[in-house]
Each structure stands twice: as C-alpha cells, then as structure tokens.
Amino acid sequence: MSQIMPPAHPFDDDKLKEECGVFGVVGVADAANFVALGLHALQHRGQEAGGIVTHHTDTGFHQVRRMGLVRDNFTSASMMEKLPGGIGIGHVRYSTAGAKGQTNMRDVQPFFGEFSMGGAAIAHNGNITNALSLRKELIERGSIFQSTSDSECIIHLMARSMGRNIPDRMEEALRKVEGAFSVVAMTRTKLIGCRDPLGVRPLVLGKIGDGWVLASETCALDIIGAEFVREIEAGEMVVATERGVESHFPFRRQKSRFCIFEHVYFSRPDSQLGGRSVYETREAIGRELAKEAPVDADLVCPVPDSGTPAAIGYSLESGIPYAMGIIRNNYMGRTFIEPTEQIRNMGVRLKLNVNRALIKGKRVILVDDSVVRGTTSRKIKEMILDAGAAEVHFRIASPPTAWPCFYGVDTPEREKLLAATMSEDEMCKHLGVDSLRFISLDGLYRAVGEAKGRDANAPAYCDACFSGEYPVAPSDMIEQGFRSKQAAE
Amino acid sequence: MSQIMPPAHPFDDDKLKEECGVFGVVGVADAANFVALGLHALQHRGQEAGGIVTHHTDTGFHQVRRMGLVRDNFTSASMMEKLPGGIGIGHVRYSTAGAKGQTNMRDVQPFFGEFSMGGAAIAHNGNITNALSLRKELIERGSIFQSTSDSECIIHLMARSMGRNIPDRMEEALRKVEGAFSVVAMTRTKLIGCRDPLGVRPLVLGKIGDGWVLASETCALDIIGAEFVREIEAGEMVVATERGVESHFPFRRQKSRFCIFEHVYFSRPDSQLGGRSVYETREAIGRELAKEAPVDADLVCPVPDSGTPAAIGYSLESGIPYAMGIIRNNYMGRTFIEPTEQIRNMGVRLKLNVNRALIKGKRVILVDDSVVRGTTSRKIKEMILDAGAAEVHFRIASPPTAWPCFYGVDTPEREKLLAATMSEDEMCKHLGVDSLRFISLDGLYRAVGEAKGRDANAPAYCDACFSGEYPVAPSDMIEQGFRSKQAAE
Amino acid sequence: MSQIMPPAHPFDDDKLKEECGVFGVVGVADAANFVALGLHALQHRGQEAGGIVTHHTDTGFHQVRRMGLVRDNFTSASMMEKLPGGIGIGHVRYSTAGAKGQTNMRDVQPFFGEFSMGGAAIAHNGNITNALSLRKELIERGSIFQSTSDSECIIHLMARSMGRNIPDRMEEALRKVEGAFSVVAMTRTKLIGCRDPLGVRPLVLGKIGDGWVLASETCALDIIGAEFVREIEAGEMVVATERGVESHFPFRRQKSRFCIFEHVYFSRPDSQLGGRSVYETREAIGRELAKEAPVDADLVCPVPDSGTPAAIGYSLESGIPYAMGIIRNNYMGRTFIEPTEQIRNMGVRLKLNVNRALIKGKRVILVDDSVVRGTTSRKIKEMILDAGAAEVHFRIASPPTAWPCFYGVDTPEREKLLAATMSEDEMCKHLGVDSLRFISLDGLYRAVGEAKGRDANAPAYCDACFSGEYPVAPSDMIEQGFRSKQAAE
Amino acid sequence: MSQIMPPAHPFDDDKLKEECGVFGVVGVADAANFVALGLHALQHRGQEAGGIVTHHTDTGFHQVRRMGLVRDNFTSASMMEKLPGGIGIGHVRYSTAGAKGQTNMRDVQPFFGEFSMGGAAIAHNGNITNALSLRKELIERGSIFQSTSDSECIIHLMARSMGRNIPDRMEEALRKVEGAFSVVAMTRTKLIGCRDPLGVRPLVLGKIGDGWVLASETCALDIIGAEFVREIEAGEMVVATERGVESHFPFRRQKSRFCIFEHVYFSRPDSQLGGRSVYETREAIGRELAKEAPVDADLVCPVPDSGTPAAIGYSLESGIPYAMGIIRNNYMGRTFIEPTEQIRNMGVRLKLNVNRALIKGKRVILVDDSVVRGTTSRKIKEMILDAGAAEVHFRIASPPTAWPCFYGVDTPEREKLLAATMSEDEMCKHLGVDSLRFISLDGLYRAVGEAKGRDANAPAYCDACFSGEYPVAPSDMIEQGFRSKQAAE
C-alpha cells in the first residue's frame, strides 16, 4: 500500500543511522514554532520526513506531516498558522521499521487517534521488537492499520485499553510492548514522555518559562533557549502540564542500558549526556585510541565530520599535528534525484575532496567513528593515496561493528557488516591500508566514564552492535530466523 | 521587468559574498555531466542560481537555467538529456550586479547570442565597472537587453563586433570593458577562457583525457578527476579545442593584482592557489596572527566553518589546545521561506550552537576569518558568554574590512562596514569582548607568501577592501558619487 | 485534523451536486487504465478528488489518492506503473459528508483495510444517514478513524465482523448501515458491488472480454468499450471474479426508489437509465414542460449546458426556434485560485456570455434544469436583459427544489432553497422575469416513463428534494434537529 | 535553444488552429485584472501559454509569462500584485511560427524592449511571412534574438528605428514587415493597435469608463463589461491614451481581405463580426448547406462543439429534428501528460461519446465545421456506426481545405490535407460514409453576407486555405520551396 518510491540516496553513506528524533512542548504560546526549532536541531536523527501535531483550545487538534527537511517544510508563517495552540509534539525520522524499500506519507509520525475521552498523538523513537505479533493480534480483533510502522501498535493498544484517561491507557499499552522506545505523546492538555525500562534511547526534560519541554537531546533545548532540567530515567513516565510535572514508574525497575553508540556517533557533539558534552567524550575516545594504538606519522586527519572530535583527541594525546586533509562539500544533501550513471559513479567525491597539496608525501592517520560495510573507507583510502600520501593509517573510534541493532537503528544485514566476517587484520588487508586499529570495547567504556571498563556481568550500556549481547530479545526477528550471539552459544 | 522576489535569506550571514563561479569543458562525452559536477564543487561561490549551455553537433545549442542549487537542478538523467553534446559551460551565481533587491531568471548566466557566424555562450565571474555607460550606449544603438546583469554587455558588444570569428569578437568586446572578469565562453567547437589584465578573479586550466577544462578553482578539477595544468595568466585569453590550447594576450600587459580575499575566505580550502593549498595558507595566517596577537587562554575555537584553518594555525603556533566550542547545524540551508517572526529572531542560533558543557568557565580565543558588519560577531559573543565562558578573545584572520569591493563581491555600503567607522579598540568595545585583534595587512601578505609584506608602491594583490586602493577606477560608482580613498586624498 | 483549506470555488454554481462516482473492473490486463478511463467518464459526478486501488498477484495492493481531475492525475504511464494488477476500483468525489469547510486527503476514497484474511478496498457513492452514531460506537470499542467520511464506518464494521470472508463481512457491515449507497469493493480476487435496499443511487454492470465492470453510469462502460449487461438491482450484492458473477440479496426486499434527480441533472445525457438515454428523457421533460407551460416567444434558449436537452424538447414541442443565446466558456474550470476581488465579482460572466447580437429585441424562453438558491438565475436574467431582450420567460425542467437531500447530494440548508420559502409567483417576482414555470411533479413522472404520474401511496422514485417525503429517515440529521415534512405533519 | 518539450496533445484534434489572441487596456485601475479576463475570454485562440505586461507610474514595467491557461496562471490576487498599473497588454498563444516541435518560455509574448526613450511591449496575432530574411539581416547587424518567434523581429526593428517616439518606431517597423498581423502594443502611457493592410486577422476597439480596450474579438469586451466601439480598419493604427484615440493609416491603402475562416471556426459564436453574431453567420452557413446538399434522414446531429450552430441551421432549414447524438466530456483538457499506450489509443473516445440509445437504427446527418486530415471524421463515423446508426451523412460547413495558411494559423503540410489529394467523392469513400458534402465557396460567401457569392476578381475575404490564392506572397515559404496555386498555374 504505497505510492511513492523513496528518494533513494545514491551514495553509500556507510554509517549506522539513528531512525528518529522526538520533541514536545507544553505551556507556551505558539507551540509549533518551538517544535519546529527543536526538530531542526534534531534533524541529524532523521532527514527523510517530519511531522507536527498541536492542539488549540478553540480549534482542536492540527496535524501536518511532510517528506523532507524541517527547514523546508515547517518554518513558514503560513505553515505555522496551520498548527495553532500552546501544546505540540513532533517527530523527524530517517526511515521506518515498516515496509522495506518504500516510503509512505502514512508512516510519518506523530500518529493521531481519537478515543472516546478525546484525541491523543504519539511520536516514537526506537523500535518495538514484538510489533509483528502485536499487529497480527490487533488486526484479528478489528483494528485497521494505516501505516506499516511498528509504532502504530501503541496507539491501537491505547484505543483498545479500558483506562480512564490517556496516560493510563498509554501505560497499559507500553507494558505490552517490548523493545526500545522513547515516546513523546500529547492529549489536549498533557505532554507525556516515557522511556523503556532499559532506557536504550535518550530523552531529556527541559523548562522554558512556565512551560515544559521533552526532547531526544539537549541541543534541542539550547536552540529554543530552554533550560536543561534532567534526563528522563529508564522506565520513567512523566506527565507535564502547565501546572507541573508528575513522574511515574509503570514498569518493573531494571538497571539501565543506554545505547553506547549515542556517545560514538548518533548524538550531536554539543548535546550533553551524563553531565558531559558529547564532544568531550569523543575527544576522550580519541585520546584513548592514541594510547591503545599509537603510530608514527606526520598528520592526524579526521574523516569529516563525524571523525573530527576523536581526531582532535588523538592529535592532542599523540602530539602529531591535526589537519584537515579531507574537505567536505557543504552543498551536498540528500537530494540527488535520479542522477546520471556518471554522476552516481562519483560517489564519495561529490561529498569529500582530498586536500591534495597538503597530503602529498605525508604519512597520514585517518580517524573515523566506525566501519560498517567498509565501502566508504576503501574509497577514502583510494582518494588519499591518489593524492600522493606516503602512508595511510586508519584509527576507528569504536570497536568493530559486528551485530545488527534492533532498537531503532538502521543497520545492514549481519553478513554485510565487515566485522561480522573478518578479523582486524583481514579488514586491514581488505581496505589496503598501512594499518587499521579499532578502539577496544573496554577502552570505549573507559572513555565514556566507566573507569574499570566494561563489566561483563552487568554492562552499563547496550553494546549489542559490538558484543552481540542483546539486552531485550528481538522476538520478531528471532521468529524470522535471526540467531543472536547468546542463542548461538 | 521582474517577477520573482528573491528567496531572501532571513539570517544576516555577515560575510562578503563571492558572486560567481564559472566552469567549462571541451572534448569529452556528455559534457553537461562534467559541468554539473564542476559547478557543484564551485557551489560555495554562488548558491542562488545556476545555468549550463552545451552544444551538440546534431541538435545545436542547448541551455537550462534554474534558481537553486546544482545538486537539486542539474544531476538528474532527464535533465542531462536536455543538455547533450561534447562541449559545455556553466555558471553559479550568488546575485547580480543588476537590479537590486530582485532576482530574475533572465539574469541567470550563461548568456547566449546567435551571431551571423554562429552562436556563442558566455559566463562571467567578476564585475564590469563601466557597465552602465556601455549599456546606455548599446541601447541607443538598438540593442535589446534581456537582463539587468552587467555581464550581458559583453555579448552585445560581441554581436556588434565586425570580428571574423567569435574569439576575435570576444577580444574586441573585452577590450571595451573595464573591471574584473574571469570569463568562460564557448562556440560550437571552441572553449574560451579569459582573465582581465590584472587577473583579479581566479581561473585555472585542467586536462581530462583529450579534453580541456576551465574552472574558477582547482577543486572543480578534482571532482571530475581532471589534472591541474596551470592558472590562466592575468590578461590571457585561451582558446581550447579538441586539438589543443592556444594562448593570446589581447590587453596591454600589467602586473597582476589577484584578489587577496580569495586566500582569506572565498576559495575552498582544498583548492590550490600559487602552488599551495588554500588550507595551508589559512593555517599560516592563523600562525601569523598568533605571533602578532598572542593572548593567554584555555581554548582556541573557530567560528565554523570559515575560521577553522586559521584557528588550527593559531593553536599550533600558540600551543593552546584547539577545540570545537561552537557546533554548526549541517541542515541549515538558504531555504527558510517566509519564516515566522519567532523563527526569524532565532537568527544565528538556527545555524550555530555553543558547546555549553565544554565552554563553561573557560577563557576562549575565537578565530574568525573577517568582521564585516559585526552583527554575527556580537551574537556569537553573547552565546559564548551565556554558556558561561570566563573570557572571550576575538582574533580575526584578515585586516579590518573598511572599503566596498566593486570587482564581483557583494559588500554592504561603506557606512555599514564596522571598520569604516571604528578603530580596533572601538570595535572591541562595541562587540563587548575581552580583546579583539585583526591580522595586519603586512602579516597577511607574509602569510600568503610575500616574505617582505606589502610593497606599498606595487602591491602584489588587490586589497582594496582593506586598503581602499582600487587598482581599476570603479567608474560607474564614481559617477554615482562614490569617493575612493585615492580620490579622497 | 486537517491541513489544507479546500480550493473554494468562488462562483456560486447554484446547482445540487452529486457527491461521487464509483467504478471497478476485474479480469483485465492493467486494470488501472480502465479505472482511470471510467473515472474520467464519471468526472461530472465529482471533480474535487479521486483515488484508485489495484491488486497485483506479486506485489499486493496499491493505492493512489489525489486532489484534482482524473486526467491530471491518473493518465501518465508513470502513474499507471504505480497501480499494477488485473483488478481495481476507483472513486471520484465532489466533497464529503465529513468535516465541513475543509478538504482532506484522508477523506479521499477508496478506503483500504487489512483484515486477518486479507485486505479489502471500498468506494462508496451515497450517504450513510446513521454514520454519526455508528462512528461513536466504533470509537468506544477501539476503532481509530483516519477520515471524517461517513463511508469509513463500512470498513471498520467489516474489520470487526466475524464473517469468514470479505463478501460476508461486507454484507454484515452494510446491514448495520442506513441510508443510500452504491458500493464498489474489491479483495485480492473479487470485485463486489452493492446497492442499498431502495436502490437510490445508480450502479450498472458491464462486460469487457472475460472481465467484469461495475460503474455508476453506462457512459463509463462506453469509454472502455465494455458491453452494458444490466443495472444492479435495489438491494442486490454482486460478486464478480474471472469465473463469473454471483448475485445475493442480503437485505429485506423493498420496492425500489431510484433518485429521480439522476434523470433531471446528475447523470450524463449519453448514459442509459431504464432502457432509454438520459438525453431522450430530458428532451421528453422539455416537451412535457412545453405542454404544461406554453408561452409565445421568438427563441427557446438553454442555460448551458444542463438545460440543453430540455430546451431542444421544448422547441420541438412548441415549434419555437431553438438557439444558443448563451455561450459557455470552455476554458472555465474549478481552478480560479484565490482570485482578486474584481475577478471574483465577475461571477457567472467568467463562465457564460450572452450572444448579444442574437438576443437583442427578442422574446426569449430560457430553459434550465432546476432552481436551487436562484442566485445564478438572477444573474442570467440580468445578462439577458442587459443584452436587450424584449421578454424573458424561465421554464424549469424540474419541480421546485424545496427540501435538502441526505442521500449523497450536496444541498444547501433548507432555508437557502428558494422554493422552501416562496411560491412560484413569489419566485417569479424575486427573479424579475416575465414568467416562471416549473414542471409539475406529475409531469416529471410522466416524462420519466410513469404514464399515470406519481403514485402518492407508493412513489416509484425518491423525490424527497421536491416532495419532502424521505424514504429512509435521516436519523443523524433528525438527532441534530432536522424536521422532515412527514415529521412536521 | 530550448529546454522544455511541449505538452504534446496526444489526441489528433484535426482542426486548423488559430495561433493567438491579443488584448490591451489603458485608463483603468488595476489593468491586469482586465487583461486577465479578456485573455480568458480569448482562450479559444490559444491555450498553450499566455503573458501580460503592465506599467505602473511608480514601479515601471512588469511582466509575467506562463505556460498553461489564463485561469490557472493569472487570476490569483498574488499574481495580480506582480502586475500593477493602469495600462497593460496580454497575449495567449497556441504555438509559434518559431522552432518546430518545441515550446519555449522565451517564445511567449508579449515581447518587451527597452529603447533610449523608454520601454515598449508588443503582442502579435498573425504571421510575418518575411520573418526569416528580416531575422537574418538583423542578426548580421548585431541584434541578439531571445526567441524563435517571428514576432520578435518587430521589436528589434523598433529598437533600430530612428523614430522619435514609439508609435513612430512601430510604424517604421511594421512597414518593413510582410504578412498578416494584428498587433497590440504599449508604452508607459499609450496603448497602440494596428492591423496589417489587408486586415487578415481581427482587432476591435472598446470603451470602458474613461479607458480604452483593444481585443481580438468582441467577446473579450463583453466579459469586462466594455462597450463595443468599432473594428479597427485594415491598415489602421490607433494610439489610445487616457485623453482619447488617434487614428493613423501608415500603409498604402488596399481592399481588405479578412480571414473567412474566422466566421467558420476561429471566432467565438458570441463575438460580433460585421454587425452580426458569429453564431448567426454559422446558422446561416448551415441553412445554406441544407439548401445545397439536402438528404433524407431522421436526425441532424452536430459534431460538438464547433459544428453545433451549423447543425441547428441545417435542422431549421430542412425540418429534420436536431438532436445531441454525440456528447462531449466537459473535463477533457489539454493535459493528458505522457499517457499510457492504452489511454492514448482511446483517442477521440476520451472526448466524445455517442448517445447509443438515441442513435440506434437512425439515419443521421452529422454536421461538422471542416475536414482537415480526416482522421477524426473517420473515428466519429466508426463510433456512430458502432452504436447502430442506419446511415451516416456528413455535411461540412466549409469548402474543402486544400491549402495551408501562412497568416497565423497552424495547418498541416499540404500533402496531409485530405482535400489536397482527393475529390469530394474520393473523400466520401475514404471516410466510409453514406454521403459527404461540403458547402461551396460561393455558398459560404453568401452565408457570410456576400449576396452574389465570391467575386473571383476581387474576393472580399482571404480564402487561401480553400482557393489557394494567397493575397500576400508567403516569401519565406516560397524561398523554402512552397509553390502556391498562382505560382503553379
């Protein structure tokens, strides 16, 4: 049931992709303005589509969903007039856990439903690992799904709940859901936020005037001038109104397992996590990497932009000068529409160019955040050698990515992950570089603040993409034949 | 005669703006692909509009002109089908020297004209300083102008020339023109490039297979895999065909006066100028600045992205750690269409965010490339202080910008230039920072490779925006009342 | 929950509006082509939006819904590629019985639902008179409505049915529904058609090759070259597959009450109803009118285009020459978008012009199909007099429209119907014409083939708009305070 | 030099096409409103594109040109704001005499030029028969053409004229031009109209308040409520300002030769020509045809819509009842974009449907205005026979079209004209109808008011398409090898 093929990105970005960002605000004038700004700050978490729902006392609920960037869709005065009211939520997404290979306006969140006690809208970051079985059961009982999104289950579970009010219905719905989720929802007067029991995906609380804000990251508070109050806790549900914020813990309490890859790549460097800027954490990863994997060279260069903080850390620790050996084209976007073969073949060149005059004859350390399929790494290596570099050493600011994520991150199938089938040495040869080193999992834990490294019995983070240890069993995937490391052993 | 109001950029970028980039290629299959890629690499020289003209032996000349980015307009297979042939030129532009305050498809280059011996297209980077009087004279003689652009004069002068072939007509036309220009033109078989006698604007020659390329910068050669041959000389005209390149010097020879601001800001850091990467030159400017204007501090932070190389140089010279204290939103573009008041007021916040957790309590050196009106500098200082910085020191990688440019750069009127009315100390107070220092003009000359600094009697560069010494009298402007420094003295 | 204001038609068309046309086909190659053509032929039944659903054995269900005309949306090869398969249904609509004053893509039919035994799509012409109470009940039980349309109830009732297959579920759903409906639905393999027990809205069956067609009117069979088989009977449900057509009668049998206004205005003149072309019936109405209401005059002129057949009949019966005194602009459409005040004020002049040279000094009989609010009639009379006509006599091919329709026709509120508040004489004075006569209700019945006129005890047609006698009680409307003539008496 | 392929009309309309309509107004508030309305009334003269130029005392000239219909482009308030001022002209066009097979925004009129004494805009209906040689000469002297349109010559000739004011320059320019033209032009204050010496194309003068109007037809005066003053005479130039209208006769006086096909087909039936409505003339043609070519039959049916008035005349004269045997789909337009093969093959069925129930078993006279290639006539005959007609008799309201028009009408090449290669009998067999008769040329002259028929020595009309006698030698075409009947004899 879909009509528009997705604007397929012809260039292999070769990165894991966060699938969503969420934002909500209550108790302000013209909430949609704040939602739009917040989503703009969270755009790195999803560029494919976005949506906003608001509620105005006189005119009820209003909703707009659009393919494309926030700045292109949600900043005009005429658009804001379509979204009146003092409470609103929004969502940006990269793609959905729904139908593969196609994009559908219907899958764009927030989802809205009218219940007997009034309407509610919901926006979801994460992935429901038992969505298929929930969906099957709901359809059997007469629910009509409008999207292919796993998130739509939540609103149907709410519609069928006997709860007296919407927060109660949401609690009941979320208790039936497995997986990772940070949810922002709204009724006519209440802004609701909830994180799954492990707190895999991020969600923070902010304050602006007498109003309250929920957002995936603190950078979305900064842009609207809101004050950062605290992170929502794992397993916590908050209900914010103009009168204040209530906190509930509807789930059985568990030790939190926040996604460690948020530190490595997903979150913006200017966001705060655990009291420190993500930038500083990444610089610390670079320093740790320099200690673990030193090498003699002339220059430390980042693969822009995500490798930059770790490269700076590596340079500061090693004393080897930092330099911009690769320059990124700022006018690259997601919108090369049906390019010619010739342009498609340009691939990474459309986005990156080597600083030839600088690189020539130098021994270069390239710092990147991760290696997924390795396709981009190969091309960058070729560009650097083609420019006359004497040596190329890759240093990677995360351990080998060997397992897919089922908690709201777009990962290739396991067999396409370079680290799933090759050792570090084999990858080095495959990429054809002079040396290749990943940070160790313990080193990464140290850099993010766990002085003793990873506690194998009770890891402080979800690191399934590195370790293969899934804190929540991905039941839909297991039914489809996936075997986790635990299962394999 | 205009219909479309420009997509006014609501945010004061507070930068000088290069007005154009030009590109041409001959002797390749499907020239338009190469032109599109070259223009994409030159997009930083003009984002408002672009155009491509090609010629195919069977179907003649083809032209497409569009508002917006190259990647959005000129990469689809269906578009490339409209631009067949083995020779082509293209143009990207920021805005025109034509009608103020309005954008017109008709002003988008290249311009095309049919002459008795065949057609020709022309694309122009620079500004013709006697365009108004030329235009008046041409209209009196019966020429009908289709655009408000100064560049259209050239093609009308060519149409009226008695020259036997198009290069001859172009020579004759360009001899009547004053100002700064790097021109790329084409006939059915010839690719023509020409720089004004002072060589104010850049133009380079490249080779790809058996074909030839002309481009504003070397980064446009890199993207298509062309080899950099040499810079076109000041006052040189080259005519390239499949058989080779001829060189002519149609003007009285003069000492060249290349635009020094290309080193400071306009050119891409990965382009080469004078045998060195622009990145290295900017790093050298930062080192020179650290020597001239040292200060005790905790961090050196660039104002992204243009201050980055100089900040790295400043850090390397001073030993003060380099850090990304300000983070740029990668999803910012030129397309906030008619935003609400509230969003408009966000201004620089939509584009930049301070890394609060990093900056708090620190003494920060902020390195920027230039100060034009000072509005952005003020806002950045406020953001930094608001984040809790202990001290803020501005270091600027160019001398005070005190004079407008009339050679193809968009500058505010003189009275709006902060440095036109204030001393360095006054500017420091005005901006409210702990210290403010600009590199000296001599220091800048040293950094760009003139070991002895600026030779006041025969400066090696055009530095009119700093010195007020205009190497070509801006005659149209003088007629309208402008008084240069020379005139004033 | 709506974002786009409707493209308000600035010109008071002053007609009753049929709200929908439906079409379906099974057993052909590329069904979407046929559906598009059929909908194009039915465009007069709804111009605001259209939708098509198809099913392909390999790729499942496909759906496209669009605002605007069929020819603009559904004829391109690229669109047809999005709608593969050998079975399909479609819908054109004028507006919905849903949210007033707003248009919403979500209200565009067909509606689609996935059930446990597979998907189904449904398109509906008519109006469900108990939709509000059904909707309320369904929401209380957990159904989430995506549209404001009354028709969506049907698919939710189907989703909740325990029926073993989709035709069974549809029977069960339709038995809960009151009002007028001609429904076309499809599963993966079955094309289903159903008319309400009174057969108020039309639906015909056709044959093309080995395939079957359902359509609102026979003109949609003609365009694809299908053979007209028969009308679906009142209260009949047919299930067509490649193997043949089954017929069911799921409702209590009742005497049919087909909408008499389909004869007067809604249906296309080249469609067949009851074995005769609608054109001939309208010509007969004109003849009957000439007998009932003769007048001495020079010319009989239609109000184009709907008055044309009756005018021809009037002329043939009376012997007064027929002439085109009013000319219609063929380039008029529904798309005057936000016109200026001046253009808006032109009103009917944008669409009609009087043939001044012809009309001058003549006694003119103007034949129109109906008078609703009378606004257009006044303007036409003014135009005719302004052109110098000596006398103007209005003859109307239907009885006075004094009651709103609740069975799928867009009627103004009762108080806005001219005939609800004025007698024929008062209307004549109000319009300022020399005479005004409507055909009698008995005369209309005679013209449509009931030789004895209307049987007051068991009328053969639904004529509620003329008589105020509603064959199905409009329960939602009664709950909202509407009093029918029966109730009033 | 073109980028957009025309929205090719997939259906062979098989009609001669008028190429343009022109309109101008001076001395009113918001002239653009009037121009838009006038062009809407003239849309039948050109549906492909339209343009408006206005002049406002404060802001100068304004121009908008668009592909598509007037109602879609020129009626919104926001568009009207782009066209301020109290004087304006406009143009609608079917296609150009320029580049074949392609459509170019640059060819859309009015054309604008800035001269030393101010700007002027010009819109042209007709065709300049020596445009190619004029263009060649102008290019040799340095004029740069922006379009492929023959009409652009006029403005270049004006630019090069030494005349002291624009009307003088226009006189001088038009004296160099051969062919048929009705020109409407404007300066800042003057509205200028001019017809070629033979007055081939129409142009009328109207009055509205204190302002003046020029239009191709009187229907464009009616729509804005302007009073019809008189037709501009052959060879007359009028200059209208707020102070009044001056008349000039710049050319050698000749006997007028108005296009007789305007009576047959081009003009709207509600326009007046020679003091009579075009409708009445066409009815008279039908009466004449009934006298010349009677036949026994049951029904007279028009081929809609252009055959309607003549069919009414034929019916009135013959006494055979008039009936609508063929119904036209009102939602047909020009916009079937890249239809599928299947839809393309529907051809005439998309537009016309036979009233099957009416036609069955009847002897039918079909009245059409003309036969060009005969392709549509064949298809209509097939539809009629397929519906079961007993006999089909074609009666054509014009003589056989045997010669191409070079005066502003789009005609197929001569060999594609059915009448160029076949006699009436051969055509009858070719079309496969029971009889086929054309009105005689003398009969046509009688019907348009020449009681004695055609005066072979001094025909009152241009009838070259029937007679092959060209009143102005088509010199460009002759140079390209065309041999007129005169030349052939």
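Note that the chains take the letters A, B, C and D in the order they are written out, and that residue 1 is the start of every chain.
The working rule: contacts are C-beta pairs under 8 Å (C-beta built on N, C-alpha and C of every residue); 3 or more make two chains touch, one makes a residue touch a chain.
These numbers were taken from a predicted model, which means no experiment stands behind them.
Visitor: Considering only chains that satisfy the touch condition with subunit A, which of them also satisfy it with subunit B?
Guide: Expected: no chain.
Visitor: So which of A-B, A-C or B-D is the twin of C-D, meaning more than half of its contact pairs are the same residue numbers?
Guide: A-B
Visitor: Take the average of all CA coordinates in subunit A, do the same for subunit D, and state the distance between these two points in whole angstrom.
Guide: About 62 Å separates the centre of subunit A from that of subunit D.
Visitor: Between subunit A and subunit C, what's the gap in Å when you average each chain's C-alpha atoms?
Guide: It comes to 50 Å between the two C-alpha centres.
Visitor: In subunit C, which residues are in touch with two or more of the other chains?
Guide: As it turns out, subunit C has no residue touching two or more other chains.
Visitor: Could you pull out which subunit C residues touch subunit A in their complex?
Guide: 1-3, 60-64, 82, 112-116, 119, 139-140, 142-146, 155-156, 159-160
Visitor: Which stretch or stretches of subunit A touch subunit B in the complex?
Guide: Checking each residue of subunit A against subunit B gives 30, 33, 36-37, 40-41, 43-44, 47, 69-72, 75-78, 80, 219, 222-223, 268-270, 272, 275-277, 279-280, 283, 305, 308-309, 312, 316, 321-324, 327, 329-333, 335-343, 346, 349-350, 353-358.
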